[in-house]
Amino acid sequence: MRISRRHFLKMFMGAVAGLSAGCTDFEKISTGWRSSEKWGNPLEEWIPSICQQCIGGCGLLVRVIEGRAVKVVGNPLHPVNRGGICPKGLAGIQSLYDPDRIQTPLKRAGERGEGKWQPISWEEATAIVVERLRGLKEKRLTNSLVIIAGQFQDLREPLLHRFTDAYGTPNYIRNRCFTPNEVSKAHFLMQGVTSPLGYDLMNAGLILSFGCSLLEAWISPVFQLRTFGHIRQERPGNRGRIYVVDPRFSVSASKADQWIPIRPGTDAALALGMAYVIIQEGIYDRKFVERNTFGFEDWTDGEGKSHVGFKTLILNEYKPFTVSSITGVPVEDIFSLARAFVNRRPAIALGEKGLSYRPNDIYTRMAIHSLNGLSGSLGSKGCLTVQSDVPLTAWPGTEQEESVRFGNSQPRIDGAGQGKYVLATDAMENLPGNILAGRPYPVEVLFLFHTDPLFSHPKRDTFIKAFEKIPFIVSFSPFLDETSHHADLILPDHTFLERWQGSPVRHSSGFSLFSLGRPAVEPVHSTRDSADFLIEVARRLGGGMAKAFPWKNSEDLLVQTTKGLYHSREGYVVSLPEEEAFRQFLEKAGYRIQETRSFEIFWDSLSAKGAWWSPAGSSAEVRKLIRTPSGKFEFYSNTLKNQMKRAADEVGGMERLLADLGLRARGDRLYLPHYDAVEAQQTAESIFTLNTYRLMSMSGVTAAQPWLQETLAPHVAESWENWVEINSERARNLGIRDGDRVWIESRKGKIRLKARILPTVAPSLVHIPFGQGHRAYGRWARGRGSNPNDVIMTLEDTLKGFGILSGTQVKITKA
Amino acid sequence: MTNQCSWGEGKIFFWQVVVLVTFYVFIFGVVIWILRLIWLSWQLKDVFSGSIGISLVAIPLFLFLLGVYNYVFWGILLSRKRSGQGRKD
Amino acid sequence: MALWGMVIDLDKCTACQACLIACKSENNVPFVGKQQADRGRIISWLEIISETEGEYPEVRTRFIPRPCLHCDNPPCVKVCPVYATYRNPEGIVAQIWERCIGCRFCMAACPYAAKYFNWHQYRIPESMEKGFNPDVYVRRWGVVEKCTFCSHRLLRARDRAAAEKREMRADEYVPACVEVCPSKAMYFGDLNDPDSVVSVLGRSPRAFHLLEDLGTEPKVTYLMEGERHALL
Amino acid sequence: MHSSRHRLNFEEHRILFDPIQNPRRGISIFMGILLAITAWGGFCYILQWRYGLGASGLNQPVLWGFYITNFVFFIGISHAGTLISAILRMAKAEWRRPITRMAEVITVAVLYIGAANIIFDLGRPERAFFLFLYGRYQSPLLWDASSITAYLTASSVFLYLPLIPDIAILRDRFADRKWLHRFYQVFSFGWDGSPRQQKVLNIGITIMSVVVIPIAVSVHTVISYIFSMTLQPMWHSTIFGPYFVCGAIFSGIAALIVMMVVLRKIYHLEPYLKPIHFNYLGILLLVMSLLWFYFTFSEYLTGFFGHEPTEMRVFWSKVTGTYAPYFWTMVFFNFVVPVLILSFRRMRTIGGVLVASISVLAGMWLERFTIIVPTLANPRLPFPSGIYFPTWIEWGLMLGSFSFFVFLYLLFSRFFPIISIWEIEEGREVGLEEVEERIRSYLPETAGTFNSREKERST
């Protein structure tokens, strides 16, 4: 028997009325309640899903009553979050039921950006897109399709990639700072690993984080939070130590054992200063360094040319006093940090911050990673690890027509991977300029997928101009965000609670994992899963396209893809921890239970429980971890040397390349971790260095969720707008009081924000959190505070191809 | 009673009694209210003794006020009768 | 009879605020909008209190998640003129929203500022009402509200046990905040059971209560940051 | 009080009957204005009722503001009356005679307004009757409810009893006004001034004077309990009971003086209210000002010396922080101004006393405000501390409250003499002799003999 919500509420109100008649214990209340309970219980359903509020990949359970999603909690079986969930995940419901969601496909009716839209049918929308793409194909201009995709983790990522591949364009560009499903550059250059990052944080004795906001917005926040709880008080043995090096007193820093405030951009110097102490005192892991590293001591190459080793470089250049004067970290702190890092092994140095530390921060990352080499943090428990691949069914190969191959062979529009962008997989910084210049070719069609560069990118103005050059822009956003405002066609996607999701989750730990999410509720509006849409478009385009997308829809895609998991004969559908412990015990003894007799049963179990995992991935031996050509952990990176050589050839000479990159080092130092001095900062009463950061509960995407808008941060009680954090004394000198409005002005522009005077802020810095200052994106997000991107001067981390969002000099004046 | 604006004795007395009864009702209303409070605190085991303590002062006080009013009311009315018609005009 | 209590391990807490949003979602706590928020009228049954000491660079910030502490000697209950808030036999300081007259005396009396007032009839767009939890009453204007330890979940758990003709186990009842805590910093259970997690942790030398000296005897115990002492 | 004298009284006390007999146009218009302001207050309240209490400037930590301040303030003023008149009656202070009625009226009128302010403060005023259905005697709010009820009852009776002979006078005086006459007829209980009646009435008044004093003290003590029974810093204090009572009497006297000056002016009561009255009341006010300062000093010194951090946060917010302007203005108005003016005989003129009284009224209102708001704004736990700004709705209701009070007062003066006629008469007839007798009884009986002995010696 079904019962409407209205009745349901009424019954409960009846219960409350019974209560107000004067009874005061719960026994009496529950008699009133019981009647509604009988009706209520069968209606409740818990449906597994995957959180897409960030890239953490937490498993969710959605409480569904009468087809309404009423609550989201963490999936207790999910290995990433084990029932935990962060505020963003919980607020997912508000994104689902946002009143400002786009309800049908929209076609632009007025001028670009004017905001006039005409609702159209999905059939019409599909026809428009197919026609466009077919047109390009006929003109052999397939490479002029550009897809910009944002930060998400899902099977849609390979699907989109496949789409560009099969269509014939190299221009699948990701706009993101985190690279969870990409190998970290330092690890690649020094260890040679090509699989994503992995740290066995759960077992680490000490975690030294260089600016990675472990507890706020790093790779997989909930996993890290869980780790934090675990190493602090749960595991037997020592309470894990956490040290945080960060210019800002972040929440992670305040929960750490020690905060080491540092001058922005000088992290490399500190790491190398620590290396000095470790080497000088001879407390490094000699066995590991001797056996498994390359370039530590001075060495001579095959041609008899002698090279400087890491040790010599460090001992010559990074004496603690020098480092202290560079970084602003007291000498004794450098000593104590270095000693703690060695003494509290297994220790991990985290240098994989999402945003760049500074221009050419690859050397900073290498410097930090060299600490892991020195302390031998590879190959044992509590150290670095790698994620093994998820054994999904390989998708059918694409046989490419000549025109497609032609398109794919064209250079990328953003120039990533070429010349000075040698290490970059995507170069968003370069993109708008190139589109504007039509270099190397004009862009005809742009797909925007889960990204909002007009909000999230400092080059907003250039992007707007660049968009003017593009004849046809399609946005797949479920919300009318800034970028969608400039689109010609909006094809609203489902929100994540309405669609099938499959995600080979990349997190910061070692195990391999595949999450599956079922649609928790029927679509609220006439929206459409973008994966379904792409499959349909491919089918209509026919030929190789259709063959590359043989699935009926995204559900079918998932069914076909997960067959690999079933047949791989490894891993399990997640289950209760006790069961898993038992299983692991059996496995160690050499037994394996085949749990499911057929794929259908496996599928049912997977879609009921929400994830498959293989815990085995976490045990990584040195052999697996070091994949360099020399088979050693390379302080002197031969890989980097080769890459640079290749790039030098492309741009016409090494000196040219180095000039392009703005690198001052020459010779061997180019391939060793080192520190290049940062430009001297201006000093004046009202000049500050702008440092931006991300909050746990607020990102540009979640700005439209009122719960989060009212719960922005734990350290300042602010809501519905962002703020700028200023040092108490400097604020006093400027006559700024807590809560005053101030102008933050750079050479690029100025924004007005509320000033928060905090004693935790370094005198030379001001901090602004990201996420607010939307110019569109619905009633909850629009006009809340200001967007720091409006003042950020576009510095570029060229090697990485990403903009640097901190370090702009700003002037602060009272508004 | 030369004045035609005047009410007769009976009518006046009627209204005076109405006033008095109103006062009675008020006072007993208060008393009943306080008793209700005590009863509630007994029922809900909520510092019954304290409520009793307060009402030990409150109830007699209200009754006392009623008593004073009553005393003056009847005192004045009755002594007028006993002293005969005091008023001459 | 059980006596429900909570333990929050501050050494594990990361101030992520998940508990807070979980509470809002579970209990249909309204968001109030910018205008009201600027006037200090945000309703948040659970709040992260932060306190910063010192000056750069020697600073220290402490975060304390503060639900209603469900005092055994609750100052708010004593002052309520209409029995709208009371301590039930299981130790939950409960609230009858339809009884409250909105005098806010309980708010003034609560030393933990754990009570919140509905200054208006907060309205949210109709589409968002679909996300309401049907188990929890939606408060109307002019009444005080606060954390109930998600007592509707207790009722639910008890009824489920009754339907299955068995006793309810203590671990079947967990408030929404405890359920979602990512770092598992919150524990919930029966304080009358000496072997329950909360009782064991409550005996830890790290254990303390907020404003202990007021004698309100809160049933939410905190564990200090620092080295391990507890058995768990 | 024989009927023969009544006729004489009519003429002699003509000015006292004037407001009833020939109400002046100006005053009627003034009352109309007051009523309009009250109606504006009512409109504000309707808005607040429709919009919720959020229409006020109250917020999360500062959850009580103007309404509770006004409540405490008005209840405080109510002490003017009954307490002062009862004490003066008990003390047989002869100069009380023209003052008592005025004082008692203040009490009754103001109590309603105080109680109304509590209703303004309720989030769900329509549920106020829950206090009767589900009241809980453990709550200090219920103590308040019963003690205010008791006080209202007692002071109404106390106002009414001495009014009976005057109503009888009015009954006789307005024999030609149909409804007025009947109204007076009913309420005069057939008073004809017989000795027996006088005895009954005197007993009644004396009993009430005795009873009303502890009730009045209890009322304000209990109001202070609303604050001091909580655990909040600078509220949780044992001194609060007497401190509030002292403040109440202090502000009560000030209100009485202001009312006296105003009525003296508009009703030409100069023959009755002489500078001497103001002088005496001024001295009383001065004493209360010193007493108030003593209490304030003790209260703050205790807090300061203990130096408990939470206490100190509130302390500094009052002394140097956000609320310092209010605090120091309060000290200035409550202590500096009255002491400076009232300490000197020459400045204790009607004007001087009036200035001091107005200053005290403002100061006492600020005192209530600085007791309530800073504590709430600085709660024990580090919490985003709040700033409170009243909205125009709160101002509207406050203005409405004040004007309704004055309106009620003037309304009373339209139906009853604002100065007790029979007590003045009694003073003339009985008082003079009695006082002489009494004074004689204070002095050594040998006074006369001493003189004669002197004479003897000289001779």
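Each chain carries a letter (A, B, C and D) given by its place in the written order, and its residues are counted from 1.
FYI, a contact is a pair of C-beta atoms (placed from the backbone, for glycine too) under 8 Å apart; a residue touches a chain by one contact, two chains touch by 3 or more.
Worth saying up front: this structure is predicted, and the values here are computed from it rather than measured.
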Query raised in the report: Closest chain to the protein CA centroid?
Result: C
Requested in this report: Report which interface contains more C-beta contacts, comparing A-C against C-D.
Outcome: A-C
Query raised in the report: For chain A and chain C, what's the span in angstrom between their mean Cα positions?
Result: 32
Query raised in the report: Rounded to the nearest whole Å, what is the centre-to-centre distance of chain B and chain C, using the mean of the C-alpha atoms as each centre?
Result: 50
Requested in this report: Report the inter-chain centroid distance for chain C and chain D in whole angstrom, where each centroid is the mean of the CA atoms.
Outcome: 45
Report task. Indicate the whole-number Å distance between the mean C-alpha point of chain A and the mean C-alpha point of chain D. Result -> 69
Requested in this report: Can you tell me which residues of chain A touch two or more of the remaining chains?
Outcome: 22, 24
Query raised in the report: Of all residues in chain B, which are in touch with two or more distinct other chains?
Result: 40, 44, 46
Report summary line: For chain C, residue numbers touching 2 or more other chains are 42, 50, 83, 86, 99
Requested in this report: Going by the contact rule at the top, pick out the chain D residues touching chain B in the complex.
Outcome: 3, 132-138, 142-143, 146, 149-150, 153-154, 157, 161, 164, 172, 175-178, 181-182, 185-187, 189-197, 200-201, 203-204, 207-208, 211, 215
Report summary line: The residues of chain C that touch chain A in their complex are 9, 11-18, 20-22, 24-26, 31-34, 37-38, 42, 44, 48, 50, 52, 54-57, 59-63, 83, 86, 88-90, 92, 94, 96-99, 124-128, 130-138, 151, 154-156, 158-160, 163, 176, 179-185, 223, 227-228, 230, 232
Query raised in the report: In the complex of these two chains, what residues of chain B are touching chain D?
Result: 3, 5-7, 12, 15-16, 19, 26-27, 30, 33-34, 36-38, 40-41, 46-47, 50-51, 54-55, 58, 61-62, 64-65, 68-69, 71-73, 75-77, 79-80, 82-83, 85-89
Requested in this report: Write out the stretch or stretches of chain C touching chain D in their complex.
Outcome: 36, 39-42, 47, 49-51, 66, 75, 78-83, 99-105, 107-109, 111-113, 116-121, 141-144, 210-211, 214, 216
Report summary line: Touching chain C in the complex, chain D uses residues 51-54, 57-64, 118, 121-125, 127-128, 130-131, 133-136, 138-142, 145, 226, 229-232, 376, 379-384, 386
